[in-house]
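Read through the structures below before going on.
Across the two complexes that follow, subunit A remains constant while its partner is subunit B and subsequently subunit C.
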Partner chain A sequence: MSEIKKIKNLKEFSTSADRFEGAHLLCPGCAHSIIVREVLNATNDDLVLAASTGCLEVCTAVYPYTSWDASWIHIGFENGSTAVSGAEAMYKALKTKGRLKQPDRNPKFVAFGGDGSSYDIGFQWISGCMERNHNMMYIVLDNEVYANTGGQRSSSTPIGASATTTPAGSVSYGEKRNKKDMVAIMASHNIPYSAQVAPNKWKDMVKKIQHGMNVEGAVFINAVSPCTTEWKFDPKDTMHLADLSTDSLVFPLYEIIDGHELNITYRPKNIVPVEEYLAAQGRFKHLFKDEYKYLIKEWQTRVDANWAYLQRREEARV
Partner chain B sequence: MAFDKLELNEIEVWDGNHAAAQALRQAQVDVVSAYPITPSTAVVEGYAKFKADNLVEGEVVMVESEHAAMSGCIGAAAAGGRVATATASQGLALMAETLYQASGMRLPIVLNLVNRALAAPLNVNCDHSDMYMVRDSGWIQFDAFNAQEAYDLNLIAFKVGEDHDVRLPVVVNQDGFLTSHTAQGLHPLSDDDAYNFVGEYKPMNDMLDFEHPVSHGIQTEEDWHFEHKARQHADTMNIVPAKIDEAFAEFERISGRKYNHIEKYDMDDAEVCVVCMGTSVETAREVAKEMREKGIKAGVIGIRVFRPFPFADISEALKDLKAVAVLDRSAPGGAAGALFNEIAGSLINTDTKVLLSGYIYGLGGRDLTKKHLVDLYTELQANADAGKLLTQQQQFIGVRGPKLAFL
Partner chain C sequence: MSKQQGWDEFEIGAMLRSFDGKIDECPAFTPQRDRNYSQNSSHVASVADWRLIKPVYNKDYCIDCQFCWVYCPDVSIISRDKKMIGIDMDHCKGCGVCVEVCPTNPKSLLMFPEQADEETEIASWPTKDEKEE
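Let's look at the complex of A and B:
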């Protein structure tokens, strides 16, 4: 186990040694780059990183350039998790055999993927990595849509969102199904640590990333990543949207230790109505028509129920 | 805990799968990332048992699918060490995406492909449809005709693929069940001789070298993709054959066993010849010998190196023949057989007058009998005597129902 990096304040945090360069092709206002920097800046240890095909990958490693000043690999859409698990296995093997070039290092193995490559096409690969309990962290940059390919629904897209493959129209309110609960699913692999994080709550984020990097075994992190392009909000409002997501409890922040011990890590002082979160995004605009307003009520009921469920689990310590 | 070595007998009785597993053990593979599938399962089981018995030190990662198996191999290879796996048929089909990624990322990985038919209909027995499916995937491909060769070619595969001028993954093919499950007497190398031949793994662009961070698997569009693919093909055509020659020569020095890109049998004065792959090569050799007793000057060519395809060797070996049959163990799907096309491609634009015919045989493990080959050589001799093809160019042999012939 390596020493945990001490971080005093946001200024120091945001200007600490940066292994993700500012030169990349992500949209202005994209939360992906903010989350990635927060994760990478949480540690001084060496990193072996992977990205599945998606916004982060296509915008950060276009030959002959790279935004990554750390070991990095991309294979395909579904297998960023397994790429890192293979590298982690090689690390173990070379450590056993005494062939590591820098045997004194404590590298962290981290894979990033969007919700499309995580909730959908790469689901089985992540499950395999979690079940095998590799010493690695998998982080979903969850923007609830296939953003890289122009806004198709994924199984993370929430009810009522208009996506290009589940568009709102004269007889449709868009996506019909509820979002998959990935944190619960991955925690059910009884991995040592899983958590939900948000870029606006950076102290909570750092604490969880550092905890995750220092446990032995597989870690799953779901990070809400407001998408200016597909959620349809002004690029300057990314952090506002992140605030709305956590303070409306649409994205509650919590952690699950060893697959069962749930701790809520952020309790908003003033809980924002879900309606405000929805109203801030173009993808939900049609829900404010009279015939679909019932869906907004259902949204609030669902979010309230989930918050109550999380609190019950926390209290029961199960 | 240091691992234990094995004292092998001068002759060991192994099947092809166990021979491959033993070669992986002796090569001291660092990571095996694999998923079981008939008929290649025993390669992985054998290796896992070596691990359980402290005969290997590397990691064995038993993943949840063949796609993940190769994905893990790619991650492990990029991290910087020796990597191997095994699969067959449907497993290879599921893995196919990652095979292109492995070669495009220039990562040396050894894949034991135990050839089995592709469904549907579901079938666990041998044909070469899986081998053919990934023939353009950018992997070097060796073909073993028996268990001894499966063992030898695994060791050679590491040596060739890991060469810093090559850096390409290698498939070692062997026939499902016919080779993989048929025990034979083998002459293995000692553990030390085998490892010394393969050599210590020399990492390049390894992700575990933190002083030199590298981005693997980057994106290139119309501006650079073509140059990368062209470079890879140029290396495969220009550099790989000589590296294979070097490895074959060194292997002959330590084992006495000589390998060639094409394996010629009785070809010096042959007038008719069968070109084939896998276990059929040995059957054809036996029949060719018998045909000689009947006055037919019969020869056999077995394809040892399927990729890069040995065009020059083939055209040189076949140019003076009268009639040649190319045997394809795969449904041609509305075309000539894949091997037929390569042989035809080797002969075109030469002065040869050789008559070429193609035979589709053995799908889904259907036996290729000696009688089939006797009839085939007889047909070739008739073509040779007539100076023209007396049959259609493509025929199916060994299949029920009325005679099937095309083209």
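Let's look at the complex of A and C:
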């Protein structure tokens, strides 16, 4: 087990040497790179990274450039998780045979994927990795839409959101299905650690990532990533949107240990009404028309019910 | 790399190296200024032409809280020894996140049009906002 990097406060964190380079082609104000930087800076160990197809992959590996200062591989849309699990299996085998040149180094295996490649296309692959309990971490950058290909709905898109394949108009209010609860699904694989994180709570994020990297077994992390292009807000408001999403409890921050022990890690002092979260985004603009206003009430009821459920689960320890 | 290959000359399974020369230590221990970047690292590229507005840094009001460093999506805030020392204008895309998260009053980072002169803007920096009743 390697030493955990000590990060007491933000000043100490800022002495980290970034292993993610600028001049990647993500949109200005994209939260993906904020999350990636927080994850990579949380450790000083060697990293073996993979990315499934998505905004992050196409924007950080544009020939002739790469934005990664660690081993990084991309294969297909669905198999970022499998690529890393294969590398991890190979590492384990070579270690057992004593064929590693530097056996005292402790590389960490991390795969990134968007919500399209995780919730939909790569679902079976991730499920396999979690079931086989590889010593790896899978991080979803959840922006609730296929942002890379032009904003099609994914199974992470929430009710009422207008996406290009579920547009809002005179006959429809947009997406009609609720979002899939991916953290709960992955926790049901009885993996040692799964959690939901947000870029604005960097300390909570770093703590969870460090815990996840040092735990033996598969780790699943769902990170909310406000998308300035598809959520339709001003690039400068990225962190404001992240704040709204955690404070309105649309994205509650919690962790599930060993598939049953749920801890809520962030309780907002002032809970913001969901209406404010919806009003800040262009994709929910139509919900404020008179005929769709009932949906905002439903949103609030749903978020409250989920929060009550999490609290009950935390108390019951099941 | 002597000659850059075109996309159709690319071999399957090709690899790009971020650094020139041999790397013994994990790059997490080498600060960015000491690294030997290769021509394939996006660090040597520039996205400065994306920018319509640019952040201007006034160090008189800065408290070195590092919020701008942690929330910068483009790794453009240069921090050394827990002090903020400036902005990397080659990689900044002008999103304005750093200005939004700056907690000082008045802010020590503000956005100005790309062609604005930095020294003039710092000389006419806004003063402290009074709290509204």
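In this section, the second predicted complex is superposed on the first by the 314 of 318 C-alpha atoms of A that agree within 3 Å, B and C clash if a C-alpha of one lies under 4 Å from a C-alpha of the other, contacts with A are read in each partner's own complex, and residues count from 1 in each chain.
In this section, a contact is a pair of C-beta atoms (placed from the backbone, for glycine too) under 8 Å apart; a residue touches a chain by one contact, two chains touch by 3 or more.
Here the structure is a predicted model, which means the values were calculated and not measured.
Partners subunit B and subunit C, brought together by superposition on subunit A, clash. Once the two complexes are laid over each other on the shared chain, residue contacts for A:190 go to neither subunit B nor subunit C. Judged by the touch definition given at the top, the superposed model places A:152 against neither subunit B nor subunit C.
By the touch criterion defined above, A:46 reaches both subunit B and subunit C.
Shared-chain residue A:74: touches subunit B; no touch with subunit C.
Looking at the shared chain after the overlay, A:214 reaches neither subunit B nor subunit C. Shared-chain residue A:83: touches subunit B; no touch with subunit C. Judged by the touch definition given at the top, the superposed model places A:64 against both subunit B and subunit C. Within the superposed three-chain model, A:133 lies out of touch with both subunit B and subunit C [touch as defined at top].
By the document's definition of touching, neither partner reaches A:263: not subunit B, not subunit C. Residues 46, 61-64, 66, 68-70, 105 of subunit A lie at the contact with subunit B in one complex and at the contact with subunit C in the other.
By the touch rule above, subunit B contacts subunit A in their complex via residues 30-31, 33, 57-59, 61-65, 67-68, 71-81, 83, 97-98, 101, 105, 203, 206-211, 213-221, 224, 228. Looking at the complex, you find that subunit A touches subunit C at residues 10-26, 28-34, 37-38, 43-46, 60-70, 105, 199-200, 202, 228, 234-240. The part of subunit A that touches subunit B in the complex is made up of residues 46, 48, 50, 57-58, 61-64, 66, 68-76, 78-79, 82-94, 96-97, 99-102, 105, 107, 124-125, 127-128, 131-132. By the touch criterion stated above, subunit C contacts subunit A in their complex at residues 1, 4, 7, 10, 16, 18-19, 26-32, 35, 39-47, 50, 64-67, 69-76, 79, 81-82, 88, 90-97, 99-101, 111.
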